[in-house]
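Look at the two complexes coming up: subunit A is in both, with subunit B in one and subunit C in the other.
Now for the complex of A and B:
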């Protein structure tokens, strides 16, 4: 994205969104009846709910962030493993890993989410112990699947970009395959995997509102509920713009950090 | 079979190797005695690198036999790790691990494969670094070293495993001319200390000076074999003569 002088493009976009918000709020205030609560106060009033969920319950924006964290952790662990398995010596392992990667990579995330909600059990039983599995956790696992598949490809690409000579000299020294991966290959992969990994995290975060469709009370679902409760159509634009701003506030620092990582990686290589 | 010093340390018999449809080695046989320095010369594609890689089982044979210190290399139940402890290799592209310091590069083999204690591996590494005159670079990263220095570290890394034989695969071919000499000097010192060396090289002057035996390969077979003076001064085969006339000018 092009920067405007020293102001990053994202900053300009944020200012633009803020300006539109201000204008629509001002317009609504000017046209609102004087004995009704102002638009701005209304939006502010709903904000704690949208950010933190109903009192005593996990929800809202914090739930979006939690889901993105967990799905990323699970997706990373399984994805890196799957990527390594795509390069295993045994053909059946390679093919299975490849099949799983392609399947979850080429499926719409929302459909995978539906499957996860439907197929995963609502509670787990260990002997006599019953552990409920909350909806948001099922949704997290559902989102972890496409992340896993895409990180599998990122990992496979990173491993294949390591020069063949590294493998040869490990073999010549007598290192086992496991030692070669853990001591030589994967450490060199980490750096080259950082930019696409962070990119996938940003994409995942912006995909978390999908969970609002399957009944999880995240920020988007609560915004929708709040709008329904207030019954006022002039709150629509301000509330959704407000939501956008909050998401941007979270994703923008990540985008900046990603850019800095990419620059650092490019210089060294 | 117990190996004794009067038997060849490397014995290659009638080895054939193809990659897909291309037959790279078409019946190669030779022996190497302990302490010998064998230089293998020949045009590109004649199978020299493949031949080296057979000896430490980086590449498998299609038919024929390769024995190192009495052990059949092509045995499927072969303990490859034990073999690689006996046979070290230095590559054209050095292949140092860029994310580790020189010391870590040197100690990786002894720590992970030979399971040596840390202190022993470290002191051995420092001794070898002194031997290749790079003690000052112990904590440097490969990216901070010149090509010649990296190659000398690679030689030290191979020596860390206490091998009986070291294979050198065109180790000066990727170096700038001014750095070739320092590496050749290092190899010469190794050979003079009694290390058995198999050297694939294009450096004819070096080969002539250091080799006890020179093998000339072409199109997957050993065309001629003999002492350096015989091969370089009075080659008997026409192909040898043609190759040498192209190389030496």
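Now for the complex of A and C:
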């Protein structure tokens, strides 16, 4: 007790204040930790919905990827054709193809998406048969338009980079224009077109969230629905970051692969 | 009513093509305001993205890894995630959080400001790489020549590196500026009254989707045309005979 008496009063006070501070900080941290856990559980709980959509319904990130595949297929087929037409012998064909390419290249993705959503029919009629066109399919066609225009430019550039001698040899061999393209020119273009083609695929995938604006239940629309349903403002930042992360996980490897390919195919001049 | 308005009124009555923006004062006023908002949005975002791009390119040339790493992460994050979600993140997630942090009941920044911030960060991620590529394209021999002429590092940068790098990065910068100008239409999603937003209001009121769509596409194509013309003019002004084509 004697020793205790030597401890000054401010020391006791300091220890007391310290203890109170420690306990309150620990308590705050523990609460925060359970809150953090709560947030993480919430985010994790909504993840299946965001990635795969409601059970039995096409939606979520799966739909984003499906739209990106389909739009890329349509955009590539029409784009390559348009690119070839940009180099057609007839001037009127050349000019028209050039004009279409520039027009769709210079228009914003979102405007073209509205264009397709509002001006394409909601059902097709084959005689008496009525086939409804789902919204997501119209959105896919809308997203295919800018892809088409940009791949048209990529194709034109690739074809023009093939040395003139290739064309002259084909002519000397008596190949038709179709044979020249399909057997000689286009196969050589594939390698050169690969890196920009993949780059456009990544850009297209990052444009698919636009469909949420026109009412398609993709990953972004479902994330917003989930946020509205949970009604928690502390979920806003984690949920949007989580969504960004999923898109990043899909697109970043494509970007890395494209870069590697670009280096490998680099033409050493 | 002037001749143009009369002609479009006639077009509507005789052929059904209803371009209200040319004869209806209310519609034409709001359409013009929308175009004005788009132009303001584009100009501010382009200037800010170039400034952030220069800053980022400067930080990326820093010898320290701890300085370069965050810049690289920022670039990869913004380049590989959807710009629409970035805009939602800024406006719907960071916006309220900033308000809470500042303790204000009203949001400190409006949707126009958040659109500018989101677009600038998105555009800058591309600009950094463009400027860095421009800086790297300056030949070593040119730098050595400049040094052997007795120029100080500052003089080398100001009189040799910068003028060349600017010219090297101009074509890629032009296409990114065009891309950013088109991306301003994303501000529609956070209700900034830009061209697409007002066009949507007009076609909802006047039921003239096709006519507004055509006007909208023409407006954006004209805007891109102006940027391309400006870039060509700048390229001609900056041309150095015998160096870069």
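We adopt the following convention: the second predicted complex is superposed on the first by the 229 of 269 C-alpha atoms of A that agree within 3 Å, B and C clash if a C-alpha of one lies under 4 Å from a C-alpha of the other, contacts with A are read in each partner's own complex, and residues count from 1 in each chain.
In this section, contacts are C-beta pairs under 8 Å (C-beta built on N, C-alpha and C of every residue); 3 or more make two chains touch, one makes a residue touch a chain.
Worth saying up front: this structure is predicted, and the values here are computed from it rather than measured.
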Fit or clash between subunit C and subunit B when superposed on subunit A: fit
Subunit B versus subunit C as contact partner of A:251, first or second or both or neither: second
Partner chain(s) touched by A:165 [first = subunit B, second = subunit C, both, neither]: first
In the superposition, subunit B vs subunit C on subunit A residues touched: C
Subunit B versus subunit C as contact partner of A:114, first or second or both or neither: second
Subunit B versus subunit C as contact partner of A:175, first or second or both or neither: first
Which superposed partner A:48 touches (first subunit B, second subunit C, both, neither): neither
Smallest distance from any CA atom of subunit C to any CA atom of subunit B, in Å, after fitting: 25
Complex interface listing, subunit A residues touching subunit C: 102-103, 106-111, 114-115, 118-119, 202, 206-210, 212-213, 220, 224, 227, 233, 236-237, 239-241, 243-244, 247-248, 251-252, 255
Residue numbers on subunit B that touch subunit A, as the complex places them: 56, 58, 80-81, 83-85, 88-89, 91, 93, 95-99, 108-109, 112-113, 154, 157-158, 161
List of subunit C residues in touch with subunit A within their complex: 76-77, 79-86, 88-89, 92-94, 96-97, 178, 182-186, 188-189, 196, 200, 203, 209-210, 213, 216-217, 220-221, 224-225
In the complex, subunit A residues that touch subunit B: 163, 165-166, 168-169, 171-176, 179, 183-184, 187-188
